[in-house]
Amino acid sequence: MEGVRTAGEGIHVLSFTSAAMSRSIRAGQFLNLRVEEACEPLLRRPFSAYRIEKSSIEIVFNVVGRGTAALRRKKQGDVLDVLGPLGKPFKTIDPGFDTGVLIGGGLGVAPLPLLTSALKQEGKPVVTFLGARSAAQLVTDHLENLHTATDDGSRGFRGNVVDLVSDFLSKHPVEHPKIFACGPMPMLRAVASFARASEITCEVSLEGPMGCGIGICQGCPVELAGPEKSYALMCKDGPAFDIRTIKI
Amino acid sequence: MEGVRTAGEGIHVLSFTSAAMSRSIRAGQFLNLRVEEACEPLLRRPFSAYRIEKSSIEIVFNVVGRGTAALRRKKQGDVLDVLGPLGKPFKTIDPGFDTGVLIGGGLGVAPLPLLTSALKQEGKPVVTFLGARSAAQLVTDHLENLHTATDDGSRGFRGNVVDLVSDFLSKHPVEHPKIFACGPMPMLRAVASFARASEITCEVSLEGPMGCGIGICQGCPVELAGPEKSYALMCKDGPAFDIRTIKI
Amino acid sequence: MALTSFRLAGLELKNRVLVASGTYGYGDDCLETADPGKLGGIITKSLSLKPRIGNPPVRIAETAGGMLNSIGLANIGVHRFLSEKLPFLRSVDTAVIANIAASTIEEYCEVLRILEGEDGIDGFEINVSCPNVREGGLIFGTDCAAVAEITRRLRALTKKPLLVKLTPNVTRIGEFARAVEAEGGDAVSVMNTLIGMAIDIKTRKPVLSTVTGGLSGPAIKPVALAKVYEAARAVRIPVIGIGGITNASDALEFLIAGATAVQVGTANFIDPAAGIKVAEGIARYCDENGIPDVADLVGSLDAGSGTSVLDSWL
Amino acid sequence: MALTSFRLAGLELKNRVLVASGTYGYGDDCLETADPGKLGGIITKSLSLKPRIGNPPVRIAETAGGMLNSIGLANIGVHRFLSEKLPFLRSVDTAVIANIAASTIEEYCEVLRILEGEDGIDGFEINVSCPNVREGGLIFGTDCAAVAEITRRLRALTKKPLLVKLTPNVTRIGEFARAVEAEGGDAVSVMNTLIGMAIDIKTRKPVLSTVTGGLSGPAIKPVALAKVYEAARAVRIPVIGIGGITNASDALEFLIAGATAVQVGTANFIDPAAGIKVAEGIARYCDENGIPDVADLVGSLDAGSGTSVLDSWL
């Protein structure tokens, strides 16, 4: 562990080093952290890989419960038990699009910096939209071409980020866009309807309870689109899904 | 919390402040500490009051399990949840003796400094015997007239502390002694046989699992002497007992 | 301020939080740290006809999120209870429910008769997790006919609220709740401890002197909640929820699942004011959520179309 | 080095630690982090005749020291198992035991028949914690006659080791173990999950889509240990201990209590190498304590004069 620093109001960035992991992580994948050695909390906690700098790896989080409260108390020198990288990366290598439209709501910003780098490596331009309650909750580092929306209007567009995207794209159309979105479920639903209406390909990165993170507990079903009811696994088949493949 | 310092090999002293508690604690009483807010470990952990300096209170401990491991990690500024003082103090106000013979084995030293002060306030001289595996495990502060025994002979008498006491008292008899002993059960049994054989009044401070520390769970029975089987409660009627009243 | 008081079989309780039998002594050991008068009620340690010294040590063992106990119903007996403990309990402004344990049905009756006329005893809770000496030590509470008979016999002896405290160590607790209801019991307390065990691998001996013991604490909360849900759907009489309640949120789960009131047990060992805090927390939750009466929460679970394992399967 | 291998109904296992059904998938998702060849055996996810998509979300909830699940027996079905999963499992140097779930006795038989001839399947574990559609969804495993019949019918169909996995949600698990023994079952696996429940007090809805679910993890270990102790005293066939085993110390408690082998379940979610570490830890304990064969530990509990609640009471 390298330490935990603050990156916004109630927002923390935890960094640790792992050479092997830093090389293998792809944008959109997550890490499954054991926060306590005791059985309280029992299960690991999943976090998106946020940043990689040489062998140093970062995650960004806010304190919502016991696990994240314990994470915040971690100190430099503590040993972290991390499983990962887990899940499938975002599909950035995709001839079907030219411009990445990145949308993050709140801490849904987490996977966007790595995604930005990945898209740039593919030579694809990026435009980023970030929404939060207020300016203090915006984590704007390592993003490109950033447009922000806040509920209280304290920075950027006043209102929700999906309205901002829709507004922006109608004024500044981009060539063959693909949306990559991460954030709370209501936002993802709004993004999905917007993408469907605008016929833009769209991947959303989902969140939900996970038991194992590796596909062995069947605890993280994501309902698939299609006439017959069936489920994919968020941890193994996701966490990002093309909105055409799932019920959202 | 003021902090945790080291007082010997694997031995830690934790100090915190509480004006009210510091005034009411009597030698031999214990404090019941909640080590974690989570339910792991669930129950409080009992520790003898070791030292009081104005409103600062100390306990001394070694790491034997989860609770004590968590205690060692406590930092200055942390808030401690402490119930106490609990239990009955040593009976120091007792016309039947003139000299306090204090015997501690290992961390059984814990209640002896406060006991030393209490006896001195009564104007009673004190002679103290401390045993440990080796010199590094002896916590010799705030004691008077100290004689030590170590298993490896690295300091003082080589052997067990009860042999030392027996040896010492046979050579230097004291006037109307009363033994106060605290330490592991085998040592307390040896102390009790010695005291019975030498017809010296003797109080032993016991240890064992406790559920509540205040007499409401009935979880800490101590078998009483007498023809009919019956139990006292370690937490409420003890932890120190006159050896004539219990089966030891 | 939400209404917290309610009637339990005619008895007015100031709130829905009681302290569980065996986890609060006789009420007189918790004074300095917390005012028992703020509780909905106090359930005494199980009282037997004769004093019981209880089991030899070790009587308790900590487990993950819980604890095992084998106290052996150590208690001062009903007679000393009346002379030494009841006077204090009378002075506390809360309901006092005497919990009764026995090893024959006659003994249950005898203890209840002794207590019945006493001023200051507001009701009875019958601990049926006791060995039936006539049946070779099988627990009364795992025998539905025995539970029915105990209820019938005791019902005939008292007009005060009669609660029967069920053991969870049965296949279908709903059947036991129905037996109590059918025989005129006023309420069922759900649940007593789960049977559990711990072994010291160093000595290869059981940690508890009695080999097995009763598991309590946060670890059992999910089981208790399911048992309360099952019992509450089986009967119309009140179900009192018990098992692992540590804070108001836990208690609210039980109320929502169908418990009319709750009891706080093991949590008292960690914080003798736990029950009071739970009661206060429930009131606060109601105020914050615009709920005028705690009664509105009872059984308010919105189970949607979900079918439970109790009916179907995982 | 202590001897760790042993024979389970004729099947040679390299050590006494298996991974529990539903907590290790089909063995092919745990590879990178841990070599399943070091396990005593792999029990597959419960296989049903047809694929099952499982229950809607939410399927899991964390509780104090444990977790609830209502996966709904999601599995790819026995046919796809044979074509997609068995080839990999054959390549792993460990015993593979197919766990079977069904909703009628005929279906159990059918699944077993399909698997019986297959090379690479070393034995069967029957999950009787499934709803019996003929009996209105009552769990087979809470009906002793049904468990007996399932055992009898399946026994006639296979000579491979036949394990019956019992549910703890019954009054006396010993009776169920005896029924399995009487009908020729080779071993009983004790235990499946306890029924439990959790409620979200914000929405007043059950956390799980199925209202109740199965409780597993460290929280249930004391209960599992008592059930294993009870079962092991009831029968002579091996008892396989399951419930909350996280480390070698936990597993040793089960062996000492009478389990011939153990299964690691929920702990795999936290550390996919948990089973391997448990096996290594058992061997280390034996070496450190001069125990030549792990078998010497099985049932080595020194209960002294203590009588247990299973016979008497707390």
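By letter and in written order, the chains are A, B, C and D; residue numbering begins at 1 in each of them.
Here, a residue touches a chain if its C-beta (ideal position, glycine included) is under 8 Å from a C-beta of that chain, and two chains touch if they have at least 3 such contacts.
The structure presented is a predicted model; accordingly, all values stated were derived computationally and were not measured.
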Q) More C-beta pairs touching across which pair, B-D or A-D? A) A-D
Q) Most remote chain relative to chain D, going by C-alpha centroids? A) B
Q. Which whole number of Å gives the spacing of the CA centres of chain B and chain D?
A. 47
**Q.** Mean-CA-position distance for chain C and chain B (Å)
**A.** 37
(Q) With centres defined as the mean C-alpha position, give me the chain A-chain B separation in Å. (A) 55
Q.
Please output the residue numbers of chain D that touch at least 2 other chains, ranges allowed.
A. 55, 64-66, 69, 71, 217-219
(Q) Could you pull out the residues of chain B that touch at least 2 other chains? (A) 39-41
Q. Does the chain-touch network form a line, ring, star, complete graph or other?
A. complete
Q: Give every residue of chain B touching chain A within the complex, in rising order.
A: 36, 38-41, 66
Q: Provide the residue numbers of chain C that touch chain B in the complex, in ascending order.
A: 22-25, 29-30, 33, 45, 53-62, 64-67, 69, 71, 74, 217-219, 246, 266, 268-270, 272
Q) chain D touches which residues of chain C in the complex? A) 55, 63-66, 68-73, 129-131, 137, 139, 142, 169-172, 193-199, 201, 203-206, 208-215, 217-223, 225-226, 229, 244, 249, 252-253, 256-257, 285, 297, 300-304, 306-314
Q) So in the complex, which bits of chain D are touching chain B? A) 64-65
**Q.** chain C contact footprint on chain B (complex, rising order)
**A.** 34, 39-44, 83, 208-223, 229-231, 236
